[in-house]
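You will see subunit A twice below: alongside subunit B first, and alongside subunit C after that.
For the complex of A and B:
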C-alpha cells in the first residue's frame, strides 16, 4: 500500500466509514420512530445530535500512529489532512441528510449540514489541542449543554451561541458553524492532531 | 541526601498522585464547563427561583451522567494505552485496590465539579430570590449518581479496547437517558437518575437516599464483579441496589408531592380586588401591587369586582380572578423583575372580565370588554391593532369607529356614573352565562 491508500488505512478510515454509515442508519431509524412527519420541530434531536455523533467518529480518525516519523516526511501533509477532513465531513452530511428531507427553512438538510460543519470544526480544533482520542469531549459538552439550555431563550445573541438548535435559515448560526469549521479545520490541516504519547 | 525528594514522591499515597495529576482534574473541569454553558444559556429560566434552580441543576443530570461515564471509560483504558497493565499485575496490591486507585480520583473530581456548579448556581440565584429557600434535597442523589457513572464507565473502559468506546458511551447514555426522561408512564422511569423534576413538586426525604443506593449499588456491583478477588461479593451491593430500586418503583408517583409552599399565597388586601402572589415568590408582591396600582385605583368604590387576583395552584375559586402566569419564570418574570408591567396589568384586567373562555362573545360584549380594558389598563398592542383596522376593509374601519366611540363614552362619564356602570358590568362578568346581561356602552 502506498500514498493516499496507506494514509487512509493508517487513520483507520474503513472503521470510520463504517461508523458514519452506522450513524446515518441510526438517524434514519430514529427519524422514522419519532414520527417526524407530524411536525418538523420533532426533528431537532436528530438535527442536533446525529452530527455530534458523526463528528465524534471523524474526530477519532484524526490521529496519527507515528507522529515523530510523520514529521520527517518530505511530502507536505496538508493535502492529505484536508482531503480526509473535508471528505469525511461531506460524506457524513450526505449520508445523514436523507433522515431529515424536506422543510429546508426550519429543521431540514441545511440545518443538519450546518451542524455537521460546526461539530466537525469544534472536534478538529479539539484534536489539535487535546489529541484525537479526547476530541469528542468539547463538542459533546457544548452541544448537549446548548440542547438542554437554549429552549425558550430568545435574543439575537442566542442565534449565534445556540447555533446547533437554530432553524436552517438563521444567518447567525451559519456564521458560527462555518467559523468553527474554518478555524478548526485550518488548525488541523496546518498542525495535525496533537501527538499521543504513551500516556495518551 | 539529594535523593530525599524522590523518596517522598514514592512513599506518597498513590491516590494522592492520581488525584492531583493526570486526567481526573480535567474531568472535573469538563463537568464544570459543561454545566456552566447549560446554566449560563438558560439563566433567565432559573435565576431568581430556588425551586427552578434546583430543577435545572437536577435536569442537567441528563448530561452529567453520560459525561461522567465517558470520563471513567477513558480513564479505564489508560493502562492498556500505556501498556502498563502487565506491570501493574505484579504489584502487591490486590486488583480491587489498583482499580480504585485510578477510578476513584475521577469520581471524586466529577463530584467536586458538580458540587462547584451547584454552589455557583445557588450563588447566582441568591441576589434575585423572592422567597422560598434553597432546595437541596436532590443534590446528594445526583452527585452519587454521577460518581457511580464514573465507576461503571471505568469498568467499560477496562473491558472494551476501542477508541470509540468513550464517545459512544457518552452519546448512548445521553440519548438513552433522554428517551427515558420523556416517557411519561411505566414505574421504571423512577429509576432514571435524570428523571425530569417539576418546579412545584418536592421529593420525599428518602428519595435521594434510595436513588444514591440504587446507582451506587449497581456501580459497586459492576466494580466488584470485574475487579474483586471474590466476585460473589458483588451480590451484596446488587441486593442493596435491588432493594432501593424496588422501593423507588413501588412508591412510584408517591415519591413526589406538591410543594406545600406552592399551595399558599401572600396577599395585599389593602386594595380591591386584593392582589395575591404565590408564596414561592412572595417578594414579588410589591412589584405586582405597583403594576396593578393603576387598575386598583380606578376600581376603588366599584362593587361586584372579584375579591382577589389569586395565584395558588389550580383554577380560581368563586369570586376570584386568576393572576396572569408568572411561572415558568423566564417570560414575564426574569431575575426577580416583572419584564413588562404594562402588559401584566392589561392581562390582569382581561382576567377580571372572565370572557376569555367563552365560545362565542357577541361583538357588543367584545367592544364593551375592550373599552373597560382601555379605561383600566390599555393593551400594549392597542395602538398597533387600531392602526391595522384603520388601514383595513370598510367593515374593520366601521368596527374601529364603534370601538373608539365606546371608549369615549366610558371616559366621558362622571366618576359616580362610571362607578355605577362598572358595578353593573362586573355584576355580569366572570361567567359566560352572563354575556347577555353585560351593559351596553
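For the complex of A and C:
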C-alpha cells in the first residue's frame, strides 16, 4: 500500500467520505420532505445545518493519534493537510449542492457552498486551538446561535456576522465565510491539529 | 566522533523549568538516562527528537544545528524515536504502520517493503506482521513502536521508557537488541529500570531537577554505591541513590 493511501487511512478518510455521502443523502431527503409539507420554499435549515454536519465530520478527520511521531516526519505536512482540507471541503459542497438546486440567488447551491466553506474554516481553526475532537463545537454554537437569533435582523453588519443565514448573493456573507475558510485553513495547514492525549 | 553536543540547554514548560543549563556530549553506544519522575528525562529526549523546542542553549545532532529549521529534516532522516505514548492507528496492521512511518521518513519507495520486514523481524514480530495492531498485547504493541523507530536504520535512536509493558523474556531480548544497535548507532534509553541500564548500557547519565547529576558508566555507578553506602537492593540502585544524594547535597551547598 502506498504512502498517500496510508496517510488517508491514518486520517480515517474512508469513513469520512462515507459520512459525507450519508450527509448529502440525508440533506436531499430532508429537502424534498420539507417541500411536501408545511413550508415548501423553506431551504434555510438545509443550507445552514447540512454544512455544519459536513464540517463536523471533516473536523473529526483532522485528528491524529500519533502526533508525537508525526512531528519527527521528514516529509512536509502542509501539502497533505492542504489536500485533505481542500479536497474534503470541495467534495462536501459538491455532494450536498443537489439538495438545494434552483434559486441560486436566494438559498441555492451558492449559499450552501459558502456555508460549507465558512463552517469548515471555523472547524479547522477550532481543531488547531482546541483539538480535533472538539473542533465541531464552535461552529455548532455559532451557527445555532445565528440560526435562532438572526431572524428579523437587517443591516450591512448583519450580512457579515449572520453569514450562515444570508441569501447566496450577499457579498458581506461571502467575505465572512471565505475569510473564515482562509484563516482557519491556513492555521491548520501550517500548525496542524492541537495534540490530544497525555501531552495535549 | 560525538553524535550529540548539547550546551546550556534550557527547557521551560510555562512557569516550570524542566531543564536548566544542561551540557552533554554523547557518541556511539547505549546511553542510559536515569532519574526520578519529573527530573527532565522526557524533556531532554523530546528536544533531541526535534519534537520540542528549547528555550535556550545549543543542540547539535549529527553535526547539524537544530536551531536551523532547514537542517532539522536531515537530522530527522537519521533519527529513530519511540515516545512513551506513540499512539498507533488502530486499523493498521504492523506492516502498514511501520511502512507509514518509513514513508514519513522519506525512505525510497522501493526500499520500504524490505526495510519494514527487516525492522519487524528484529523485534520478533515477523509472524504477526499482517495482524492488526489493536489485536496485539501491550508488550507486542511496544515492540511495534521499537520497529517503527529502527525502520530507517537510524544513527541516533531515542527510546523513552521502551521496556514498559514488556515481560521479563521480552526485556532480555530487547536488551540484546539495544546492545546490537549500540555498536553502530547512538542509542539513548530513558528508563526507571536500573537493571536495563546495568545489562545493556555502556554509559549512564543521571538527571535530577533539570540538571545532570552524574555521568559515568554502569561500573563506576555501581562502585559509587558500594563506596558511599547508597540504599537499594541492586548494586546499581545503591549507586543511583548515592549519586542523587551527592548531587543534591552539592546543589544545596551551592544555593546557600
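The working rule: the second predicted complex is superposed on the first by the 190 of 200 C-alpha atoms of A that agree within 3 Å, B and C clash if a C-alpha of one lies under 4 Å from a C-alpha of the other, contacts with A are read in each partner's own complex, and residues count from 1 in each chain.
Just so it is clear, a residue touches a chain if its C-beta (ideal position, glycine included) is under 8 Å from a C-beta of that chain, and two chains touch if they have at least 3 such contacts.
What you see is a predicted model; the values in this text were computed from it and never measured.
Asker: Give the label of whichever partner, subunit B or subunit C, reaches more residues of subunit A.
Answerer: B
Asker: On the A-aligned overlay, A:60 touches which partner chain: subunit B = first, subunit C = second, or both, or neither?
Answerer: The answer is first: A:60 touches subunit B but not subunit C.
Asker: For A:75, decide between first (touching subunit B), second (touching subunit C), both and neither.
Answerer: It touches subunit C, and subunit B stays clear.
Asker: After superposition on the shared chain, which partner residues are touched by A:49: those of subunit B (first), subunit C (second), both, or neither?
Answerer: first
Asker: If you stack the two complexes on chain A, which partner ends up touching A:137: first (subunit B), second (subunit C), both, or neither?
Answerer: first
Asker: State whether A:7 touches subunit B only (first), subunit C only (second), both chains, or neither.
Answerer: Touch status of A:7: second partner only.
Asker: Output the subunit A positions appearing in both contact lists, the one against subunit B and the one against subunit C.
Answerer: On subunit A, the residues that contact subunit B in one structure and subunit C in the other are 198-199.
Asker: Report the residues of subunit A in contact with subunit B in the complex, numbered from low to high.
Answerer: 15, 19, 45, 49, 52-53, 56-57, 59-60, 63, 132-134, 136-137, 140-142, 144-146, 148-153, 158, 161-162, 198-200
Asker: Which positions of subunit C touch subunit A when the two form their complex?
Answerer: Answer in residue numbers: 49-51, 73, 76-77, 79, 81, 83-92, 96, 99-101, 103-106, 109, 148.
Asker: For subunit B, which residues are in contact with subunit A within the complex?
Answerer: It is residues 22, 30, 33-35, 37-42, 44-45, 59-60, 62-63, 66-67, 70, 74, 78, 81-83, 163-164, 166-168, 170-171, 174-175, 178, 328, 330-331 of subunit B that touch subunit A.
Asker: Which residues, counting only subunit A, touch subunit C once they are in their complex?
Answerer: It comes out as residues 1-3, 6-7, 9-10, 64-75, 197-199.
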